[in-house]
Amino acid sequence: MECKGEALCAEVIRISASDVGKCMRCGKCSASCPSYDEMEYHPHEFAYMVSSGDADALLESDSAYKCVSCLTCSERCPCGVAPSRLVEAFRIIKARERSNAAFAPERSVFDDGEIPGQALVSAFRKFSK
Amino acid sequence: MFVCHCGTNIAGTVDVEAVADAMKSESGVVYSATYQYMCSQSGQDIIKKAIRDYELGGIVVCSCSPRMHEATFRKAASSVGMNPYMVEIANIREQCSWVHKNREDATSKAITLARAAVAKLKLNFPLTPGESGVTKRALVIGGGIAGIQTALDIADAGYKVDIVEKSPTIGGKMAQLDKTFPTLDCAACILTPKMVDAAQNENIRIFSYSEVESVSGYVGNFTVTVKKKARYVKEDVCTGCGLCTEKCPRKKIPSEFNLGMDNRSAVYIPFAQAVPKVAVIDSEHCMMLKENKCGVCSKVCTAGAIDYTQKDEYIEEKYGAIVVATGYEPISLERFGEYARGMSPDVITSLEFERLTSAAGPTHGKLVRPSDKMKPNTVVFVQCVGSRCEPSLGKGKEYCSKICCMYTAKHAMLTKEKYPDAEVYVFYIDVRTPGKNFDEFYRRAAEEYGVKYIKGMVGKITPDGERLNVSASDLICRKKLEIKADLVVLAAAIEPSPTARALATKLASSMDTNGFFTEAHPKLRPVESPTAGVFLSGACQGPRDIPETVAQAGAAAAKVIGLLSKERLTANPCVAVCDEEMCSGCSVCGNVCPYGAITYVEKEFRVPGGRTKARRVASVNEAVCQGCGCCAVACMSGAMELKGFMSSQIMAEVDAICRTSR
Amino acid sequence: MQRTDRDALVRRAVSLMNDGVCDRVLAWRRGEFSSDVSPGVFTDTESVEKELVRNFFCGANLSKYLISETEKTEKKVLIFLRPCDSYSFNRLLSEHKFNREKVYAVAVGCDGTADIGKLKRKCGALSDIKRRGDKIIAESLYETNEENEENEENEANGAERVFDLEDVLSERCLSCNLKNRADCDEIISDGGRDAVSERFFEVRRIENMSSEERYEFWRGEFSRCIRCNACRDVCPACTCEKCVFSNPSSGVENKAAANSFEESMFHIIRAFHVAGRCTDCGECSRVCPQSIPLHLLNRKLIKDINILYGEYKSGESVSQISPLNSWTENDADPSEVAELLERSRSK
Amino acid sequence: MQDKQINGYRPKIAAFCCNWCSYAGADLAGGNRLSYPCDVKIIRVPCSCRVDPIFVLRAFRRGADGVIICGCHPGDCHYTSGNYHTRRRMSLLFSFLDYLGIERERMRVEWVSASEGAKFAAVMNDFVSEISKLGENRRLEDVRCKEQTETRLSEER
Amino acid sequence: MTSEKTKTEAKTKMLKISLEKTGLLFEKLSAAGKLYIPVDGAAGASFEKWDGKAGEANKFEMKMSSAHNTVKSAKDVFFPQTEDLMRFRVNGKKIEVTDCSDYLNNSNNSNNSDVARADNSAQNEKTANNIILFGVRACDVKSFEVLDRVFLSEPCDTYYKARRERTVIFSMACAAPRETCFCTSFGIDPSCPEGDVSCIADGKYIYFEIKSEKGERLMSSLSDMSDISDILESIGDSDPESVASRRREIKRRAERLPLSGVSTEPFGAGTTGRYFSSPAWEELSATCLGCGACTFVCPTCQCYDIKDFDTGESVVRYRCWDSCMYSDFTKMSAGQPRLTRLERFRQRFMHKLVYFPENNDGLFSCVGCGRCLASCPVNMNIVKVMKKLGGGAGD
């Protein structure tokens, strides 16, 4: 399924259940983000672009994969927008696009034998390209 | 029966002639007519003439909403001798012609509405408003700038005013401020003269270190009990020399006035310009009061003002009006762990900053880091801490605290003034500067003083050795910032005084979800509370700055003066009334009354056998009752009724509107 | 036998009357048959000794009589309060219905009262009923019962039938686990029952019906109503000077229901007027000559109040305020109530 | 929205509106020309707490098919606490009538502020369409009042 | 009056029917008019309209109560609890009055319009307003005599009269008295009830004895019906003896009732002075709740109130039962004649035992049916009053 423009944003909102309309552009999410410098687009831009209806660039960019899911942005957000859930939604959409989500072996840094299998598989699905 | 065309507003959709015709055959209707604009002078003349010519007992006007012209028609009717409460309005504009398109439907609904009004009118009876006297004395609760200004204005008009202040001195938050925006003049210089004025004004009494214990009564006739807390110092004897505070052996008590940044003794005067300038003994820390050991202050006091046996004192006084001026408090920042508040003494609130820069403050006006008393080279200001937060997250307040943008600009400027070489950052979401000379002030900070305004919130502050690591992002440059700061100032949101809720309950006054007092109308009655005779002044109603507070204080004072200048008050006649024959005195009505308007009395009633029997019955204070009708519904027997909205009248309306479907 | 036996009551009544403390005694009076017990006002010691009775058939709640009886004397009125009566007693006090100073309240124990209707349905005409321990022995006038409907009565007069106590207890007693909550002047016994059935079982059964079934059920019940007002007049929560149903200006006054609407209306309004005040004493159902389970109306409201506004037992204390006369900011919205109640039911 | 008419059946709706919020909200709906079915007829009460359960029954008795009570939003009552009382009373009343098998959908409480003209119209449109679906009130009717209406109507036609 | 005249002219003719076949008989009777029989229900027995729903093998769902003593008496068949009298409609300046008594128009009990609307009875026009009351006990038959005295004496109550005249009463000997029964005290023989057709049942048959012309007419109209002979049988030789023995049995049972000894001797006409000021009333009335249970279940209480109901379009004038126990009973502009509970309580019993006999040739307006004893919420009743005032006479 080709997902672009408004439809993409609607899908992201649906998956993330995030109320992006509440964002007041304070940037506290980005200020809290440990991966800020790695990212092409920053957490507040995820919220801003999704709310403005044009987030195709986010799908192209690998910013979503720079997120380490520490959830600090969601914790600190004064408006309850939860940018981490938006990022996660992009990863899910990407994973769906690659219907047979094979994981790239070079990313298997997570395989330390401690993590439960299911978590591992789902993590690979999302974090591998 | 008068049917208004309202130009084409009504007549466009409703066949007004048909309505008037239909009403002619309605029983009880003797006259029915239409007119272009009933509310116009000539329309009113038609009404007046018909009332006289037909000796009408009551009239129904089919027109716009009663919220619009009920008063107009009532006035017209009473000008020709009809009781104004014998006028009923059938709303055939807002609730008929404007919302329905089909002419036939709208006309038949208009007829139904007119019938309902007639049905109600038939059961109306003339109502006369009750009257009560006015006690010519006002009470101001809270002795900050709002309370002081209100009291001064009322006193100036020649009425007696009492100020009740919970702390040992009046002055409030403004006394703690250093400079004021946008003029940068000294807060103390403009406040302390007012404090002295208040103390010296013969119409003003100040109950400091006191609280409102209970309130009863109603507009014009409140009875208030004030609890004067024991200060263990005779107020009228103490000269305020301060010798006792010097000699007191307990000196390591964090000072409230300086927000814990320095210490005071167990017997203390809050600050040099305190009014009344009288010492107070802190019973929690005084060794004499706690362990009966010490007594130094009593020994050194030459005036003999110390009295360890003093007890709380209760004073009862009557008032005609009450002004609430309980002000605000900064919120607690304990839920904002990311800002290292509590982890480093160099993360301070804006109010603490005020004390740090104040010449009367703990550092005597020297702006230094609290931790090492060194000059700060990099100062970071963070705005909106706890303001504009999603309330369901439970961290901060939903609203904008309004004053932070301006005082932060002021603080940044003051920092730059003291240390021109310092780096000063202000992190903001939006800068809001509506107000006279406000934006100019902010621009000056940025342009003239070189304060760096950065759009974006601070994410985290971590103590890093002696300094503070501030992580933020500059949203405009799309750049991550890591600043090593020496001092961080958090612009904490402000919230209503924690004592306000209990007070609101005593006053039967309502509060909004944030705990601010609700005004009677947000636009038209901004300084009155919904409870008659209770007025609002200052930040107890919502965040506001000093100029606004003073303006509102004056407005509240004007309202109070207007009230106190009346000899008698007339009340809304649509109040509850109790049929004592039917009342069984069960107290249900009293339990639901939000105004405490219902009391119970024993009355003698005749019983079979020529005897009488005393029975408890409800009695409504018409001056207090606001006419909500809650009691009338709670009353099982129907003894309690609401004049103007009697059960029989409402049921007659119900019957009329259910009568036909067309 | 009851937890507090008759002799103890008589002794106290007589001595209080002889001491001049009380000159009126509210208790139960013996009648024509063992099951025929009336509430009684005794004014002399002789009739107390002769007629006062305390047994399994003392069903009446005496509290409401205090309203009229305290008016009739300068001295005190002696009243015996069972655990359930104490709630009505408190309720009446909290509504200022009588002067506490003029009452001498004595707490007595109770282990339940019979549902005479139940017994009669099981046995037909009764000549005598006795209680032996946990058994109830009913003597029929003649042998007839519903299972045996072809009129083949056994002529043997005095056929005995034996029941377990719980089989013939009234429903209110089966779910009763009340303790005396009144501030009594004296306690002879404060023993009460332990509930053996769940109080809201029947209410839940009705709630679980479909809307149509509920409608039909109540229609059937209400259609029997003869508007004798016994439920209202016996109810300790119905103490208005003038009832809305007797007041022509109330808009709901009538003396007999003209149709189904008026039948329902009476019971809806009555249930609503006692809501939050009803102590669930069960007198309404006990006295209904048409055996309409009126207590199920009140219990529905009690149940809803408990779920929506927190556990509340009317009459638990004198100072309490009915949940219908109070509120909190977080009360459920009417639109959510159905779902909330549904959820609590499925729990 | 146009006035609805399903199979020629027109429901009768009694709407109690508090003077301070909902009645003003209805006025605003009028001011903004937001239409709703003319079957809704408004009775002005000072506060929603003035609505006695007896009035609700009265409306049904007289042939109303639905009763809606509108008040200020909880917390906004002009009389501080009136609508809190309404909320409890009506919650219990509706639940109780439901227990007796009366359709719960026929009764509603809505909070409409003075600024919510659009909400007022939307609520009324929704309520009327719901009542139209339910049809005539049969379970809480007083036939004496109804048959009269019907005969009169047939006479008029 | 009516019943007395019919009594003398009654022909003695007996029929019998096997108990299993009563359903079939009811089916036949219901064609001749609205049939009411006592039926057991959740609240005890009550007179219900026969609905004739046949189940399998002619077994009818509706069965006659074996007890016959209904919680409410059968009086509301003649004198319904509420009854519309007329309607007023204001039309412009005119007032239009319509009589809505139900014997004139063809609808069912107009007192209960719900039923009326639902009841699309297939009965033919002629018999639709006829009423057959089946299974009335001796005491209740006697109560009709009391009611007749009130309603049929001048000015005659046409509403009552219309129904009374169209009613045929099948009485039933009372084999299942309650412990509360004391009809024998009023000289009533429960084994041999009056009525248009007097019935007695033993274990196998119901025997019919036709006692009036009305009864005769109805029974003969039945015999015109087809297959009636399968149902109704003529009596055989041994039957009179079984009837007589059954009567003896019933009498014996009645004599053994606990209240059978209550004596009416001290009461009756001319005793007002003896009882009116008795101090006993105080104690007797002390716990009376003032509800109307006793009066509403009483077969002889006949008080009613006339009220108006405004439907919004017109005004319905209707009457409904009233109770002398109510504080607003006969309230007039000058107030109530009996202000206290004691006075109202006294009135009821004095009326039953003294005033009514005084005006009606010694006829008591109590028939000892025992209903008020069973219904009273506080178990206060006429027997206690009689025993207390009559000095405990009879045991």
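First chain written, first letter: the chains are A, B, C, D and E, and each begins at residue 1.
Just so we're on the same page, a residue touches a chain if its C-beta (ideal position, glycine included) is under 8 Å from a C-beta of that chain, and two chains touch if they have at least 3 such contacts.
The model shown is predicted, which means the values in this text are computed figures rather than measured ones.
The minimal number of chain-to-chain contact steps leading from subunit A to subunit C is 2. Common neighbours of subunit A and subunit E (chains touching each): B. Leaving out subunit B only, with every other chain where it is, the touch network divides into A | C, D, E. Of all chains displayed, D has the C-alpha centre closest to the centre of the whole protein C-alpha set. Here C-D and C-E are compared, and the pair linked by more C-beta contacts is C-E.
With centres defined by CA atoms alone, the chain at the far end from subunit A is E.
Centroids of subunit B and subunit E (each the mean of its C-alpha atoms) stand 71 Å apart.
Chain geometry summary: the mean Cα position of subunit B and that of subunit D are 34 Å apart.
Computed centre separation for the pair subunit D/subunit E is 46 angstrom, with centres defined by C-alpha atoms.
Centre-to-centre separation between subunit B and subunit C, using Cα means, comes to 50 Å.
Multi-chain contact residues of subunit D (touching two or more other chains): 53-54, 58, 62, 75, 81, 85, 89, 142-145, 149, 152. Contacts with at least two other chains are made by residues 113-114, 309, 312-313 of subunit E.
Residues of subunit A in contact with two or more other chains: none. By the document's touch criterion, interfaces exist between A-B, B-C, B-D, B-E, C-D, C-E, D-E. Put simply, subunit B touches subunit E in their complex at residues 25, 27, 608-609, 655-656, 658-659. Listing the residues of subunit A that touch subunit B in their complex gives 22, 24-33, 36-37, 42, 44-45, 72, 76-80.
Residue ranges on subunit C touching subunit D, taken from their complex, read 206-207, 211-219, 244, 250-252, 258-259, 261-262, 264-265, 268-269, 271-272, 275, 297, 300-301, 304-305, 308-309, 323-325, 327-329, 331-335, 337-338, 341. Every residue of subunit E that touches subunit B in the complex is listed here, in rising order: 90, 92, 310, 312-313, 339-340. If you check the complex, the residues on subunit B that touch subunit C are 581-588, 591-592, 600, 613, 615-616, 634, 636-639, 647-648, 651.
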